[in-house]
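Look at the two complexes coming up: subunit A is in both, with subunit B in one and subunit C in the other.
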Partner chain A sequence: MKILVPVKQIGVVDEDFELRGDGKDVDPDFLNFEANEWDDYSYEAALQIMEAADGVEVVPVTVGPDDAEDVLRRCLAKGGERGIRVWDDALEDASPAAIVQVLAKVVEKEQPDMVFTGTLSSDRSYAQTGVGLAAALGWPHAAVITGIEWKPGDPKATLLRELEGGLVEQLSVNCPVVLTIQLGINTPRYASLRGVKQAKEKPVEDLSLADLGLSGDDLAAAGGSFRVRRMYKPETGQAELIEGTPAEQAARLVEIINELKGAA
Partner chain B sequence: MGEILVVAEHRQGQLNPATLETIAAAVNLKGGSDRKIAVAVLAENPDDFVGQVGKAGVDEIVKVPVGVASFQSDTYEAAVLALAEARKPSVIMLPHTVDTWGYAPAVAVRGGFGCATDVFEAKYDGDELVAVRAAYAEKLHMEVDFPGKDTVVLTVRTNVFKPSEDDASPSVSDFAAPPAEARTTHMKFIEPEQTGDVDITQAEYMLSIGRGVGEEDNVEEFKELADTLGFTLGCSRPIADNGWLPKSRQVGQSGKTVAKCKVYVALGISGSVQHMAGMKHVPNIIAVNKDAEASIFTIARYGIVGDMFEIAEELREQM
Partner chain C sequence: MCIGVLKAPTTFLETTVIEAGQNPEQVTRILFQDFPAWMLVSFYVVAFCAIAVFLYGCYAQVRKYARGRSLSKDGLWSGIKRMIEALLTHRTLRRRDAEAGRNHALIFFGFVLLFIGTSTITLEYDILEPLTGLKFWYGSFYLWFSLILDIAGTGFVIGLLYMMYRRKWLALPKLDYRRPDRDPSDPDYARDWYRLEDWLFLWALVLLGVTGFLLEAARLVWLQNDPTVWDYRWWSPVGAIVAYGYKAVGLTSAGAGDLRIGLWWFHGLLALTFIAVIPYTKAKHIVTAMASLALRDAKPAAHLPDADLTAKKVGADSITDFTWKQLLNFDACTKCGRCHEACPANATGFPLSPRDLILTLRELSNATLEGISMPPQDRLAAIGDGVNQVRPETLWSCRTCAACVEICPVGIEHVPVIVEMRRALVDASEMEPSLQKALQNIHNKGNSLGENKRKRTAWTKKLDFEIKDARKEAVDVLWFVGDFASFDPRYQRVSQAFARILRHAGVDFGILYEAEMNAGNDVRRVGEEGLFQHLAESNIETLQECDFKRIVTTDPHSYNTIRNEYPDFEGVYEIEHASAMIQRMLANGQIALKKKLGSRVTYHDPCHLGRLNKGFDPPRESIRMLGADLVEMERSRDNSFCCGAGGGRIWIPDPTDKEKPSENRVREAARIDGLEVLVVNCPKCMNMFEDARKSTGNEDNFRVMELIELVEECMALGDEAGPDAGGAPAGASPGDASPAAQGA
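Our next item is the complex of A and B:
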């Protein structure tokens, strides 16, 4: 019994940043690389199932360059015995359609019983990977999940799906299934120092596209979800900036609040 | 020239108003062209909604009876794929909502279609469809196109396009969706708990705190500050997820919309699209954030680039 958890290293832009020479992304020198927040929750959800039953394996997988290994180690520091990293230069700037193809091959190879992805990754916020992966596999799927009732062997899982405005849907789903996990489903644990140390020794399998029976041409032939034409800084808003020392700023704020309250 | 096909959304018997916004986005995309706009209504009884989606610009309403009363991903995927196969639309437009997160990417993968989510601008550059969406916490916009794709799925950001007030009399047709094996089963809806706490949807003056508050122990001083100012305390999602404030205080897509709010002070909130969904409409937004590039400043009327603790301390002293 195995749960595969796709995780991702995301770029967060610095306060000051410049675009890459081709204008299609931020210059990586101005990005800080972090683990995607949603993946803490999906990984925790998998670990909780692992700890509640015998014989469950949790395997984190990432599609990313060398230093993306950090996000796997970060997971392994909390639990799990091995990770998988897929990379090929052809995956640079890959759109969700390509990532979905790659992950589908990893699923074929690993034969997990469940796949938990994050609901979205906060760099590009496409929210396409999990549900797209399920479609590529022909698996059932459910998105934005805030509750999972399931133990190994159960043919169905009972889920909570978070809707708009605080409404929640309870539904059941046939397994195997791909779930996209939402913030707040659990309280992700922190890794212990011992865990961090042990994680350094745990094996991470590096796979190329060829190892998965894919080529850059295959991905290109299928076409991307889209092609980026350009990125640009949006026009800044009309906000009137309140300058000065904190004392002056607060004084002006009090004035504004009183004016607005008086006018109302 | 393929049509623009909009898929209507509804829940618990109510049309999601985002459907009308998506129709407005389709009308906008059509521009001066003679592209047709069709609206597909997938429902147990499509007639329940037909009267509501015949807005100006809509040429045809397609009734698609499906055997489920509420959203079911396999059923919706099969119906939209069959519609795409039969009608060969250039663009399939859906509102960007939790339901479409649950099936739009699957439609795109199964159909081999182009796909862009959370789009707030769509236009034709010659024959080329171009869509614009945000990236990196709203700090950048990205313009994308879809080379080689005859059909493109776009999910449209809510609260951007203004629904038309004008009704039209589109033709109405029927479409039989193929049967689909439903692999998820709706059990029930669970309404949000009505806690005894305040109802922020009625508040006129709000002070909301976000992740910038740092830790639970710091929440108290902002509670006191809100009281001193006579404001109602609200928060962004991480604060509620951490249990530092009750969920009923959360503003945003999965929380509450502060419908009556006149003044909204946002402290240490970055301005994610999901947070803004609940407060973007407020006429007087005052943002305090130490990051001058935070997207909250793009919708604020007044902004302070600074530390929320320093400002709060000064406010306390001066009140």
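Our next item is the complex of A and C:
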């Protein structure tokens, strides 16, 4: 009995940042790398199932460069005995469809009974990986899950989804299944630094595309439903806090109104 | 030889007090005279049984302690010396309850003397005389001893009567055993059996003392015709007075003889029972309190014990995870309630009383570790909701302010106990989400506020000069700024003021810029030992690369850990708190004041500077040098009341339905007539009190200001154009800032 949990290292943009030369992304110098928040919840959901039953294995997998291993270590600090990291330079800027290809191969290799992903990753917010993976595998899927009732061996899982207006939807789905997990489904545990250090002893299997029987061309062929043309920061309106005595404030206000009138 | 030496002084004294014609050897303590043999035999049987029960009890206690974690303790001799000093002066017992201390001294010294008296009789009668024929318990030695014991016994009884009065009529809140960490419906809420035990203990001792006198008097009346007894009656004055009382009500010599036998047995059996139960009852504090005092750590709260992160387990969630010393500590608590009274969490209705925490663990250890064999592991669990278990919310209520440790008369060290248990909670991820978030922020970004590293120095942008980057150039003074002083908008103004003061005083200083990380003081106190060690190691790595003479910080938390805990990680630095540096620079004129304050101010001691590091005076002296009228709050110096931010509680918002410790403190300040400024000396206190001033409606009554801000005000730096960015003001050389260069 195995649950595979794809997790992702995301880049968080600094307050002051610059764009990359090609204008299609943020210059990585201005990114801070962190674990995707949603994945904390999906991993926790898997760990809770593992802890409630015997013989369940939880395996975190990530597609990312060397330093993405931190994300796996943080997962392993909380539980689980091994992780998988897939990387190849060809995966730089990979589209969600390409990532799905890779993960589908990992599923083929690992033969898990369930796959839990986060609903989305906070850096790109595509929300495609989970559902795409289900499609690639031909598995059923359910998205934005806020409750799971399932134990190893059950042929069906009962799931909850929160809808607008405080409604809750209860679904039943055949297993194996890919679930994308929503924030708030549980309280993710804290990975203590001691845990993270000890997790360094746990094995992480590094796989290349070739190890999975894929090539850069396969990824290109997977393509994507879109491509990024450019990234930019829209002009934002200016706010100003007017300070001073009431008379000064009024004077400044008049000034602004005149400026705007002039501009209009 | 030995006999000669002992006899010589005795013989000398005989001539002074023993009447001519009487054989001094006959003037002695009447022990078993006229006892039938069966009585004597049964007495010895009972006595040996009592001693056996006592010894077994001692063995069981030692076995219990041995079931704790091992700990090697050095400095035992100095510890014993300190303990003896504490006992002789009763210093720890007199603090904040002088009356109880004095009366305890009467009981203690009375008990000790009576105990010595009784033991020497036993020594002579049962050991020395039968073995060597040596006798000293007669003549003037006996008489003097008799007098001293009478006085001791009187003090003993008076002290005990006071304690009874105190328990019954003073109704002290600290002696109320109802617990803040339990509901009235919980079985261990009121613990009436403690009260019962207290009273049994007091009554047993009072009866021992009183029957001792009655017995003495009965002996006098019984032997009133024996001049070697009656002539010396005033050597036992209390006995003599009672004897006259007996005679007045018509007691005859024969009647007194019978009374003597009855009282003798009552007194003897009571004493033996008392001895037998010492290891099993409150009475054991006689031994455990002394041991606990001798084993005290030099800095129990300022320097927390290291944890081995590679071990299978960190922290303590089972009673056997505590060290033998901690198990002994639990047994030493006398329920005096001083910690209970001092604790800011308890005072503001949080479910924590340091007394009850210790007592809970004591009950758990007594219930599980005193038996011949060990119970199953699950019964040893120390954290939980059950009876004899400490609840997680209790542990999270603590501010690690050390008010408890500081006042405990028997040297119990609560803070390390709490932190060890928190370590177990953190390892099991049982904590408030807000705390988890703060720890994650520190882990990811090096600061608890989750701010980008680069923003750490944003506060310096408002200065009209640039602060040196200590990573790039040598400085005299390295200023470790700390998280709150860097990011908290209110305190940023203080940091800016401190920078201006240093610059104006010609101090050659620099900061670590974005390489500085949270110092880890509170991270350690929260129980996240791994992260603490990581922070300490990272900061030390950065500091090792820099060239500086000493460190200064405005943050008492950073100060504490760098000063006391970094040395364990090979980070040994000379560090001082900003207030000490300011005091020095004010004293030697390096800070020139342009005006004086006339205002009425009070000063709040930050726990980490005051109680933990004894930095009570420099800030006060500085305030006085500024010309302010310093009025102390009711609780000050070592009895300062924590602002509530310590122990990581700055990251766990206090619930809004209770009074916050900071509000309690601000209200205390507000009771000072005409108060204008509450002076703080710590970024976290500032943050807490600024809020509390508003939430208690004191916004218009007084201001909360940093000592540094007051200094800047008096330097009138704002009133003139600042010196050019680039050069230090004339007349000051960078070397001036070093304490050595300043001489006085």
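What we mean here is this: the second predicted complex is superposed on the first by the 233 of 264 C-alpha atoms of A that agree within 3 Å, B and C clash if a C-alpha of one lies under 4 Å from a C-alpha of the other, contacts with A are read in each partner's own complex, and residues count from 1 in each chain.
Assume contacts are C-beta pairs under 8 Å (C-beta built on N, C-alpha and C of every residue); 3 or more make two chains touch, one makes a residue touch a chain.
Because the structure is a prediction, the values reported are computed rather than measured.
Contact with subunit B, but none with subunit C, is seen for A:168 once the two complexes are overlaid on the shared chain. The wider contact with subunit A, measured as residues touched, comes from B rather than the other of subunit B and subunit C. By the touch criterion stated above, A:34 is placed in contact with subunit C alone, subunit B being left untouched. Of the two partner chains placed by the overlay, subunit B and subunit C both lie in contact with A:15. In the superposition on chain A, contact of A:193 is made with subunit C only, not with subunit B. When the shared chain is aligned, subunit B comes close enough to touch A:119, but subunit C does not.
Contacts of subunit A with subunit B, set against its contacts with subunit C after fitting on chain A, overlap at residues 15. In the complex of the two chains, the subunit B residues touching subunit A come out as 11, 70, 73-74, 77, 97-99, 101-110, 112, 114-118, 130-131, 134-149, 152, 183-192, 204-205, 229-230, 237-238, 240-241, 247, 250, 253-257, 262-263, 265, 273, 284, 286-287, 291-293, 297-307, 310-311, 313-315, 317-319. For subunit A in complex with subunit B, the residues that touch the partner chain are 11-13, 15, 17, 26, 96-97, 100, 119, 122-132, 134-136, 140-144, 158, 160-174, 180, 183-184, 222-234, 236-242, 246-247, 249-251, 253-254, 256-257, 260-261, 264. Considering their complex, residues 14-15, 32, 34, 78, 187, 189-190, 192-198 of subunit A touch subunit C.
On the subunit C side of its complex with subunit A, the touching residues are 309-310, 314, 426-427, 429, 431, 433, 436, 439-440, 443-445, 452, 454-455, 528-531, 533-534.
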